[in-house]
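I'd like to ask some things about the structure below.
Going in written order, the chains are labelled A, B, C and D, and every chain counts its residues from 1.
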């Protein structure tokens, strides 16, 4: 069912996220569909406390982050065995509004296989268990963005 | 609620689909999330009649296709008013396995806004009402791929 | 008489053997009547008629619609892009 | 005694004022006991303790876990990547 050579990319990087390149790397001859999520730095946020952001500073516990990205990919494959290629990428460092900061992409033979749900699950899990943090720098100073998920034993 | 200047891209093209460029064009200062779908040419299909594909030949009724892509974007905005930018692209001509042939991308402030559903709706509608056809060329000859959707009055 | 331009795509073009033609048709002709006229001229279209889609000026059109003067009419099978 | 390496990230690093330290701890010390020891040495960590996450060798670890020799321990707030 699942050939051992299905491409799985997971990376924490300071480089620009290249969607074309990542998509090509997770496209197999049997692939007909890709669902891709990217997160970008918002320069203006209106939900909740409306505010303006000059830039975000991302940091990661890199070796653990890459292990947990691999775990997110493994969880996706367990839930959606039809998924072919997976890419999980987080850019770190100082990132300005409109810049893509993260990418989760899943490929499959067809679009009605759960491949959209798989990508959605991937970004949700990244924001729960992958050790990355961001500090928001705006006109009124800087503040760490606090997550709220407490991992459970075994996660 | 919806500024008049929300970016909407719709295009039938013979050029390579550049995801980085399209994403940048539909990212606003208020954008924090993008859901992107791409379709690729499958070189090997296992669902249904398993077969091998050498390449696909796409053709379009271009002016109507672009009008219907605009309509798909309008439908998305009516159903998901939170969507900020929309790109609907179809590449035509002779396209080989692993090549992206179509892209639907929607951006929004946050990922939990229906932006994934909006992109999914977009590709489903493109395959229903946008006048594009493909002929499959394989080792056993060539065959038009037949759709099965009959548009209703007003679509 | 009304003057119209006809465009054929995909399987319909292959069967008709032409990409586009211009013709004059009676005023007040409906899509249904135009379809019958075309099958008379291109008998190979007959077996496509149950599923052919037709458009008038780039909007889907149905049997009872009346074809206006200078219309751009297209005939094609259900779409299969993506 | 066990030798361990401690890493601090984000708000926890800001509060502790250090990025990483190495220390010796008694064998069989639990994560809970290590947390109490750290609060003794870095009182500013006290107000973060209700939400601090801890890991042993890059896996999430909980109060009752015993810290092995040569462990890489990390302390950080709930994650906020993406």
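In this text, contacts are C-beta pairs under 8 Å (C-beta built on N, C-alpha and C of every residue); 3 or more make two chains touch, one makes a residue touch a chain.
Since this is a predicted model, take the numbers as computed values, not measurements.
Counting hops only between chains that touch, chain A reaches chain C in a minimum of 2. Among the remaining chains, D is positioned farthest from chain B, on the basis of C-alpha centroids.
Computed centre separation for the pair chain C/chain D is 74 angstrom, with centres defined by C-alpha atoms. Chain centres here are Cα averages; for chain B and chain D they lie 48 Å apart. Per-chain CA centroids place chain B at a distance of 26 Å from chain C. Our note on geometry: chain A versus chain B, Cα centroid distance of 23 Å, whole angstroms. Counting partners per residue, chain B has 39, 123 as the residues that reach two or more other chains. Of all residues in chain C, none touches 2 or more other chains.
This structure has the following touching chain pairs: A-B, A-D, B-C.
Of all residues in chain B, those touching chain C in their complex are 39, 58-61, 63-65, 67, 90, 101-102, 123, 126-135, 144-153, 155. Per the touch definition, chain D reaches chain A in the complex via residues 7, 9-11, 14, 51, 53, 55, 58, 60, 62, 74, 76-82. Chain B contributes residues 18-20, 23-24, 27-47, 97-98, 100, 107, 109-111, 116, 119-120, 123 to its touches with chain A in the complex.
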